[in-house]
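One structure coming up, written as structure tokens, with questions to follow.
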Amino acid sequence: MFDFDELNEECGVFGIVGHSDAARLTYYGLHALQHRGQESAGIVTTNGEKFHVHRDMGLVTEVFSSDEVSKLIGSTAIGHVRYSTTGSSVLANVQPLVFNYAKGEIAIATNGNLVNGDKLRKELEANGSIFQTTTDTEAIAHLIARSNADTLEGAVKETLNQLVGAYALLILTNEQLFVAQDPHALRPLAIGKLGDSYVFSSETCAFDTIGATFIREIEPGELLVVTQDNEMCVTRFSEPKETSICSFEYIYFARPDSDISGINVHTARKRLGRQLAKEAFAEVDVITGVPDSSTSAAIGFAEATGIPYELGLIKNRYVGRTFIQPSQELREQGVKMKLSAVRKVVEGKRVVMVDDSIVRGTTSRRIVNLLREAGATEVHVRISSPPVKNPCFYGIDTANRDQLIASNHSVDEICKLINADSLAFLSAEGMIEAIGRPSNEKNRGHCVACFTGDYPTKLYDALEVEETV
Amino acid sequence: MFDFDELNEECGVFGIVGHSDAARLTYYGLHALQHRGQESAGIVTTNGEKFHVHRDMGLVTEVFSSDEVSKLIGSTAIGHVRYSTTGSSVLANVQPLVFNYAKGEIAIATNGNLVNGDKLRKELEANGSIFQTTTDTEAIAHLIARSNADTLEGAVKETLNQLVGAYALLILTNEQLFVAQDPHALRPLAIGKLGDSYVFSSETCAFDTIGATFIREIEPGELLVVTQDNEMCVTRFSEPKETSICSFEYIYFARPDSDISGINVHTARKRLGRQLAKEAFAEVDVITGVPDSSTSAAIGFAEATGIPYELGLIKNRYVGRTFIQPSQELREQGVKMKLSAVRKVVEGKRVVMVDDSIVRGTTSRRIVNLLREAGATEVHVRISSPPVKNPCFYGIDTANRDQLIASNHSVDEICKLINADSLAFLSAEGMIEAIGRPSNEKNRGHCVACFTGDYPTKLYDALEVEETV
Amino acid sequence: MFDFDELNEECGVFGIVGHSDAARLTYYGLHALQHRGQESAGIVTTNGEKFHVHRDMGLVTEVFSSDEVSKLIGSTAIGHVRYSTTGSSVLANVQPLVFNYAKGEIAIATNGNLVNGDKLRKELEANGSIFQTTTDTEAIAHLIARSNADTLEGAVKETLNQLVGAYALLILTNEQLFVAQDPHALRPLAIGKLGDSYVFSSETCAFDTIGATFIREIEPGELLVVTQDNEMCVTRFSEPKETSICSFEYIYFARPDSDISGINVHTARKRLGRQLAKEAFAEVDVITGVPDSSTSAAIGFAEATGIPYELGLIKNRYVGRTFIQPSQELREQGVKMKLSAVRKVVEGKRVVMVDDSIVRGTTSRRIVNLLREAGATEVHVRISSPPVKNPCFYGIDTANRDQLIASNHSVDEICKLINADSLAFLSAEGMIEAIGRPSNEKNRGHCVACFTGDYPTKLYDALEVEETV
Amino acid sequence: MFDFDELNEECGVFGIVGHSDAARLTYYGLHALQHRGQESAGIVTTNGEKFHVHRDMGLVTEVFSSDEVSKLIGSTAIGHVRYSTTGSSVLANVQPLVFNYAKGEIAIATNGNLVNGDKLRKELEANGSIFQTTTDTEAIAHLIARSNADTLEGAVKETLNQLVGAYALLILTNEQLFVAQDPHALRPLAIGKLGDSYVFSSETCAFDTIGATFIREIEPGELLVVTQDNEMCVTRFSEPKETSICSFEYIYFARPDSDISGINVHTARKRLGRQLAKEAFAEVDVITGVPDSSTSAAIGFAEATGIPYELGLIKNRYVGRTFIQPSQELREQGVKMKLSAVRKVVEGKRVVMVDDSIVRGTTSRRIVNLLREAGATEVHVRISSPPVKNPCFYGIDTANRDQLIASNHSVDEICKLINADSLAFLSAEGMIEAIGRPSNEKNRGHCVACFTGDYPTKLYDALEVEETV
């Protein structure tokens, strides 16, 4: 079966080698990556002899008390935060996964999604493997354990070459930390240094938090092998293939203070907003953004047009799983869940509402209506990315094709469905230019499959589903 | 003794009358007011016969589970959130306070600080009163219980006339809700309606959250008496005195989507930033704000100057008491606590850093240094309010006069102390104009005592301290 | 109103003076007294300058973490555990209660119940007092604060002379610990020493737990004043009245390893069982007791008759508030809540079931039926105390007179109602002899009011209720 | 490596098939088995389509809230409680273990210990298996998944025949419940019925708790296959070998109200005490037992001698992991951890202290000293089992041979070491007779290896250790 929940799996990984405060720095690193996954968190440390593990459902601050971090002794650590999805939110899936095999202990933390995960799993199960989780990551452990290669490095390389899809990967043993990037570099993974210690993180913002210095990004197909005393051997398990950095990281997912390919995400978003203003100006009184991810684009749009940026929408920050959701009845009476419109700002005004993307369209419709109820006379929706017409199979939570509004409707139809006065999307070319990666590759080295349907890899599991459906 | 901790007490209050979902709506209301107090939260409800109470230390989402809200039966409710201070963070102080007296149960929630609280307490203790809290609010209950007035309304009026200072006050009994505003209207308190139900809130943002409509603000010296079936009797316990709305609510404290005196706070802050640009332009490459409270002013500054607003500083959002603070050692190694500078944005740039205020100066110095370490070539600090030279005695957490940097140093000296290339404050006149209250009163009806030393009331407790010191 | 819930209030108190581990020893002391109160627990310590307080609902081990005990600095401590009742199970009632009054801080922990508590409260409220709890104990604080006596010792004595009923009382200030026993000595309170430190406890079992040595019991009407350096001044606030030690402490309430008046409770219970065997022998195969309180009496009964004692009934030990109670449906299907009969032991046997008392009769009926369902051919019930015909107003949870089965039914009627083959109670004289207090006073110095209706004090509050009903 | 921690693993299992309240009844069943394992608890249910799982460290009441039990939908359930050991107290080890393999989901709960667990594990790892736990149970899952048998039943039988040691085993799939007993029947496992539902439990006390009826015990080498509609197919995977029921279940481990082989445990213990009195009478004033496990034997001893049984020792009941352990310093000052002696009972008396066993001797010495400190003039220790000279490899927490006092010392030496006036153990023959299993097999079908060294199976893992050491 094609398991859609697995597609939702966007995550963050963090690792540090040979530092006396490894667990604590990993805690701060994961905290900086919290936006990448709010379902669960975990840290595994090693003192060179054995692992110490703590993992649980919840935010980083909920999972780790000071006591628990103190128990994570050892100078090398890897950590993981996982996105909140409904289907497979079970404790067993919380990463880093930890296994024993013939050669000792091994822990794995990964960001991304395999497109042949189900296929690998079925093959392994047919050969007598048992699985305790429903994640791709467990298949990776089985492949390593079953490899006949002489060394662990050999086994890891053999395994990586069987994986297809997106994977920014940390593999910890009591002797070494392996760090790998898939041959398309679909998910970000950066290398930094803190004193003598190598640090690895899904986003550079974690380096700023802990005071580490950014070195470079890991290259597609690269495998780094770092020993406890911070000797790093740079090798490769595969030639790089067409670079395909996820464009949604810039558009929506990454933190604005992170850099990807040397480009600051906030700045890229402002440029997306400026480009959008150029492509789809609207004569209005006020520009507003959907917080938090669209704020930068909205400011860019405002700067480009000279129309003032105002706080027309505000987000209620509730964090954690303990917030009591309003009942359907209360929501119908007007209790707002996450967003409120600011009446004083939008009443009697023509508004451009900048958002980063439209996926199913239901949220956009709700926000447009919030603005209208607060007195906006016109609501013009401007989207700082092209229409999402195709599902992502590499780890971003979009949706099934049937649920993607742009997959089945024209821009005009969407405009009506979301109750806007006008609607415009950014062009794919405009987007790629605005982000501005200095590259000569196709799409300047971006994966834009969700916009164009042109996937950088074969889609094993998905194809099988379509065949059997 | 003059207890400085008591001065720190900024809070939020919320009340709703005669609604079948009173407790749950109060939960959402308090959640919207969470920024006003993160130490503790409490709700008291009545079904006309008896109180139901739940209070505890922590954020609203930490204090209230769905179960606990469900147990708060009754159609009228008041709630309170309290600021986090060190001295008196004890469970007994968590509001609303609840008492039994000769005529039944009474609950009190208050925002603001009395300047004769210690005086009243001493007088009461000398007459045999016992106190279970260290808050002003308990003195109010004693005064009501000891009043010889025939009716509770009479006792409340008699009591209010003995109070001096800031108090936006909700008093609940099983029959009525009393709502009062001090004669200077120092702290905000708004009246709204949700269907037939009257709603009261420290800020209007709570109305937007629950879908209520703003009616008006309570007037200075006014006392409203609302029965369970939402009949509201508007009366007065005192003639209004010189209106003295706290200017810091606009500058820093209130949520940007709230309106005070019909003026949206975000918009006022943008105007403060524009005025600041007018008064103290600087030739730079980038404008940035100290998140979150200075973002609006920084955008206003950028709009007025045409220099781009960028995300030069970012706040790590950790919420709740469970975050593990970095040790001194880790902080010295570069682990950031709350703010990081975004290297890619500021490196090699001349920066204007807009902040809302400087109190002790230590934070400003730290932020300037963050920007310099991230590569800013010049850091020009622009403050969207005048220098704070005097302590607040009405409930805002500033500090003791000795600790106020502007009380003892010139602007030039402060500039050096915080390591800035230049420093400018907004003028008091510019500030008052920019906020733009439509009023002919002195300072357009603002309290600006912390800037000018001109307090709207006599300072009983503080004077006594100075005399005895 | 006559508040029945207040009658249920059986509790335990513990205090220690001038010991470096005061809080921790109080924790162990309260743990030993846990059987006396499972609703809430609290400790107040003083270092001579200020109080440290921690109190909450729950068992001692639930309320106190190691961290929280560590924060309770200071060398003098008092603690309290409170019985679980439904009516007034609120956080505000958790003792020790702590107050500020004109002369500083004061904390009070008490075991027992006043019979003029409502009367005192009404008089205080009429004079403008406010109450934050629904306990008698708060009235004591008001009386002390309102006293005109020159010294605190004077105020305490003046106050104690206004109290009528049962009270074993600890009063802590930053300078002294006051320890008082009501003039009838209704509730136990023992004095011990641990090194140089005076220790006080409701039961001597707490002394064994912490390694302290028993000195003597406090005398009726006595007031001890202990300073932080363990100087103890023995004084008196009242002449002793007729000693009236609660006989239920021996029968049911105290721990079997405690001594009261120098008599070990387990040994007294065995003698009660022996006396019961003498008064009401039954020709059976097996003797069993209702665990845990009747085990000693059952063994005594077995020893006296030579019939073997067997484990015919077993108690499921679930502790704490987290146990999931079986639904009515499951209980009807046979899921046992607390007690199970052991089929192998009772099947085909004639059984004497020894129990300590019958209050409402419903429990006895259930247990008899458990034994019959497990195959007992005859069930003869033997009770190691006389019939309870009158409510207790001094702090034991019995019930309202209407609910006391022996108040309205003959022994024969009760026998039928509980479905026993025969039923016998111990005689009052037999009980008094068996306990064996070496005293010439009436009833050898026992309160036997619940059996005889002869109360040692006037019953102010109860009388008023009867008059108004 | 020979992992001693694994030997400590005494546990309890419970299962129920086709009952609408399966999870809740399993909760009560596990609660009744709580004494068999206090480290962790878990329940897996199936509704015929998929599993629902909840497992965590802690007591049953700590692990399961009402909410969590409600989420465990499905009419068939298995549950597990696990003993508290230090080495492998990790979440991953909490049973029932749950796996996915080629044919679907599978859950396993087991009581007992394999003596070839390490051997199996090494063989599996050598063939590429990965392990996520450190328990034997995971090896069982691997063997099933790797079996080439056509049916699951075939795979289970093939697997069981590879296991050597003690295992009372429940295996759940979405279609069936498998129940197996090792060919020696080392650990107890009983079959009951509740209405139409089959119920399985380590001890019969769980049947009494939920109102189920005992049917019979599962036979050695038997495999039961129960479908969701309660059809039970009785089959066998092995011929029964010499029955070897653990004698320690009678002596110490099982609950006194359980029956094993139709013999009530409390009654058996009383007979052990009577036999002990016959073999080793002592002229004393008082008989006392070490609570709780020795109480029955002590009463038996007292009955046989006519010397009164008294409560000379009392256990402080603290349950759960939250109890604050006294520091070494406090323990030296006399703070008792678990047991106190009752001075009033033993002072000036000659005491027989009956205990169930002596393992390392340290506890016995401490208890003898407690009695002496409380004033006992003579302490005669009587043990209701023979000296433990050999480690148990089948799941009881004894200790390594070096630590077993009786392995290296004569009875006289032990007597001196524990500071007793005299010491006697029950003879092996006397023990076997007193328990009274109606059997003609060797040792009447008991395993007495820990007393005699005559183990019923080959000791694979242990032998290897001895060889390599």
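Per-chain numbering from 1; labels A, B, C and D assigned in written order.
Here, contacts are C-beta pairs under 8 Å (C-beta built on N, C-alpha and C of every residue); 3 or more make two chains touch, one makes a residue touch a chain.
Computed from a predicted structure; not experimentally measured.
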Fill in the blank from the handout: At minimum, the number of touching-chain hops separating chain B from chain D is 2
Fill in the blank from the handout: Per the touch definition, the chains contacting both chain A and chain C are B, D
Practice task
Please work out the Cα centroid separation of chain A and chain B, and write it as a whole number of Å.
Solution key: 37
Handout entry: CA centroid of chain B to CA centroid of chain C, Å
Key = 48
Fill in the blank from the handout: Each pair of chains that touches is included here, namely A-B, A-D, B-C, C-D
Exercise for the section: Spell out the residues on chain B that touch chain C in their complex, using ranges where they run on. Expected result: 53, 90-92, 97-102, 106, 125-126, 128-132, 134, 141-142, 145-147
Handout entry: Complex contacts: residues of chain A adjacent to chain B
Key = 21, 24-25, 27-28, 31-32, 61-62, 64-66, 69, 194-195, 205, 208-212, 255-257, 259, 262-264, 266-267, 270, 296, 299, 302-303, 308-311, 314, 316-320, 322-324, 326-327, 330, 333-336, 340-345
